[in-house]
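Got some structures for you, see below.
The two complexes that follow have chain A in common; it is paired with chain B in the first and with chain C in the second.
Showing the complex of A and B:
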């Protein structure tokens, strides 16, 4: 880290480290509610990063991004989840997954190392400390999100895996393409809410017809016609 | 030279005097959170006083290990105290005798003898607790190692006094992700090593569920007092390493003036009080983990520390 980093940028590195930790925490938590909670924390950190970088680069655009993040990911998505899948959220305390927790944490750690190594050729050519921090940690967020999508066998944590991937891409994005048109970011935020609504309603229907949202338990074909309400 | 020796002794007296107070404050806070009144914060002193005035009973089945263990458990945190900055900012006379790894070894030696003594008595609960403590211990060991390696990467040294200067010197280093992750990992380690709540319940009285406490069940009188005091000092010393070396290296005496050293005492106590509030809020909001979930807790600590190391290697340039 270069010594001439300004205070907002130093705080941005701090929030980058915490983003990485909350990505790990989403892999390590057993409770559905805990996973959602860590997702909210990660989104808040993301918004904090936006505000800090917006302050240091004096860009209105990044402030707007931070506001969009808070509205979409901290308020709207948890609300939608609560409306569609309230029982899943509060009742499931032990979720099923493919690996036990230490093993999946080690795999997530491996992914984090891989992402740092993948980004290292780019790191040597940019002098910008923000890119050097945000790009590898954002990439690690994407990979860990994809991994938890794979390792978790339940609807809600898988959904959160998708959203965590988006968070990772967003975190890298605010450093490398800060001047992306605002409309693009708005579209992404709206898309993410829509994905949550659709997956939430689907999972709710699956829950009503089959009785579980454990993707790992859905191994048999159901013959009787499903009545969609 | 003579002055630093005096200050070193002063640090030892500080740890000796305030370790029971620290544990008293912790248990009082915890009771207050649970809307009870709780014992006085000076209760640990009275317990120690009472135990020192009771007779010691030694089983004829036990060997010399059982007899020397209380002294070792008592003396090892004192050895650690002379290596770490408790009150002063500048190295004292023994500062370069050993680094943070040596502190880990001293505490490890005390833990090893405590486990041996628990097995020595033949009490069925002793060996059970001892083997559990070893389990927590060997899971915590890699985290300790990685934390020290990361510290040495960042600060180019593992001598506590030099490490602490590093964080003061630049705010960029203080807010670096490596430092923050290190703090989280070390906090989890303190919870595990001190037998605090997500790992072990320090106030539990149910022998089958005990991890740390059951090793001391057979000690009585002076032995029990020394074990208790030693445990409290170990916890205070770990808190001092965490606060003075890693988390908040401010408030320590910076000059060799005796007034400054004395003024550091209340400042350090305030820091420790804030840390106690943090600990109590962690303990009150979590439930004790099942025994085989402890590996997950320490696995998470390990991942955190390794992440800190990766981050410090790749972003150091």
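Showing the complex of A and C:
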């Protein structure tokens, strides 16, 4: 397979591997700040892949998408996080997790294998080597992000989990839907920033009102059997 | 033009509410804008009934039968709920200094809800649905109490988690459209035309991802857990919008996509829709037996009705599709009425719990009677419209040969009926435990309840012929055979 690949496509494969590793790293990191840093690295890798594929396919759309990714996810989102949650972000060093780190990594590995199996029936349709790399890794990014969302008990890492899922979806998207209308891409990027702002504000309100952003402490609302009289 | 105006008006209202000079008049501005929006939506749907399609901007804003029906529902519920909000927000808690913020947000939510059915490009529909979710978060958290914030957090984490999953689904859909030889911009109508040539495995993957992602937003089991929290903690007019139309909007997108998937013969999805729909109905029906708060009760009934609509769409015959769209219409008007009544009870009795309210009929005949009426209507007693649409779904299922599914659905509907009526019975009848001095029902709440009762009674006995043809057009869009 590698024989058919051009140099930018081969570099994209390298970037794909690094995206998957950064997804694992986000699962394994205990510090809030570290999670944010790995998210920035992952977004940079996504942008790099956009530029590489844009070069090899001569596509203006992908260059634009790479630029949008850098502006939205590398610059705007960390800035918004810093503004809304500055102290919160730097005070928390240790994150509570539902599973310990080796178990989490094992589960993340399992999810990566599942996503390869999930897309394998589709692989027969397309000979495109880029899709064969990006689609399973993008899907793995989505699934691992969803898993870290459930395993984490803190607001900021949960938010980063959502954003990492978005990265995964886009990593698959640059291979399968490169010609997506630019307006759709712009509004999606705007949407991601809006998610960060709203969740950030909400987390700050929760911190001020309830005194913690540990999602595990939020257990007031639930259903209990009514006592029949 | 009219369709552009329908979309832009709520945005304009939000902007006007934000201008500092006009902040004191935020309620009036919202009522005027959203009511004229409803009138415009009526005009658009009238045109759709005549010409089958109404084009605002070709390829971007278009309305066919199903979109027109959704536009009508959304604008009706949004307009009436904002009218209800006038006195409700004044009486409920001390938020007068930031009421403009509430109305500003509310209009943004209305904008997002209205733009989704009007959009022709599926990728932009995704953006619209996400905007709905985000603006709804701010409104759920509006009261700022610990429980409201908790509800908003659970709601946001679960439903935003659905966003990237459905995004991947729409990207795969785009891919399958182009690898199926689709040319030109991707719209719902061009997707329908290209459905036969799209690779079935891709189409199925796209649908599954969108279904999981948007299913969390609809509140389908097992991802329904946020729904009762969010729909019980938000201010009541917001609950009316959330339960009445906000859950139907992602369902609308799912049904659109389902109709395309059903066109492709190899992708058998109908049976799975029936299974998941029935599961939602079952979980809601059993939880309805043991709720403690009346707003949560109505929220669970929303899960039930979403399940019924999905089941009906899964049956995929022409008759069941007609049942599905009428159920959508009837659920919206009835469920919003339920939350107006629940909000009125909350603002006068100041308790959310079912067991602290006894003998409502004696405390306030108006509230007692309307609560009984809306509970009967939402539970599906004749002669209310929900009874008619549920009956038509069940009979369509039998004619389509789905006897087992129909039997299960019928049992669960009866169970949910018993659950709702048991709870409401305890609230409405009996002797009041405390001698409440009769608190007056706030004026706009009273008017909104009366206005909302009218279609609930009228549609049970008579469907005007333009509305009937709109429903038939909408049902045809779902593509049952």
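In this text, the second predicted complex is superposed on the first by the 218 of 229 C-alpha atoms of A that agree within 3 Å, B and C clash if a C-alpha of one lies under 4 Å from a C-alpha of the other, contacts with A are read in each partner's own complex, and residues count from 1 in each chain.
Please note the rule applied: a contact is a pair of C-beta atoms (placed from the backbone, for glycine too) under 8 Å apart; a residue touches a chain by one contact, two chains touch by 3 or more.
Just so we're clear, the structure is a prediction, and the values are computed from it rather than from any experiment.
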Fit-or-clash call for chain B and chain C when the two complexes are aligned on chain A: fit
Contacts of A:20 with chain B and chain C, given as first, second, both or neither: first
Contacts of A:188 with chain B and chain C, given as first, second, both or neither: second
Touched partner set for A:28, first chain B, second chain C, both or neither: first
First, second, both or neither for A:154, with chain B first and chain C second: neither
Touched partner set for A:102, first chain B, second chain C, both or neither: first
Partner chain in contact with A:179 - chain B first, chain C second, else both or neither: second
Chain B or chain C, by number of chain A residues touched: C
Least Cα gap, in Å, left between chain B and chain C after the two complexes are fitted on chain A: 20
Residues on chain A lying within both footprints (that of chain B and that of chain C): none
Chain A-touching residues of chain C, taken from the complex the two chains share: 121, 123-124, 126-127, 130-131, 134, 137-138, 141, 144-147, 149-154, 156-157, 160-161, 163-165, 167-168, 171-172, 174-175, 178-179, 185, 199, 201-202, 205, 228-229, 232-233, 287, 290-292, 296, 354-355
Contact footprint of chain B on chain A as seen in their complex: 1-3, 5, 7, 10-11, 13-14, 16-18, 20-21, 24-25, 28, 101-102, 105-106, 108-109, 112-113, 116, 120, 123, 132-133, 136-137
Contacting residues of chain B [partner chain A, same complex]: 170-173, 175-178, 180-181, 184, 295-296, 299-300, 303-304, 306-307, 310-311, 314-316
Chain A residues touching chain C - in the complex, by the definition given at the top: 119, 121-122, 125-126, 138-139, 142, 145-146, 149, 155, 158, 162, 165-166, 168-170, 172-173, 176-177, 179-181, 183-184, 187-188, 191, 194-195, 198-199, 202-203, 205-206, 209-210, 215, 218, 220-221, 223-226
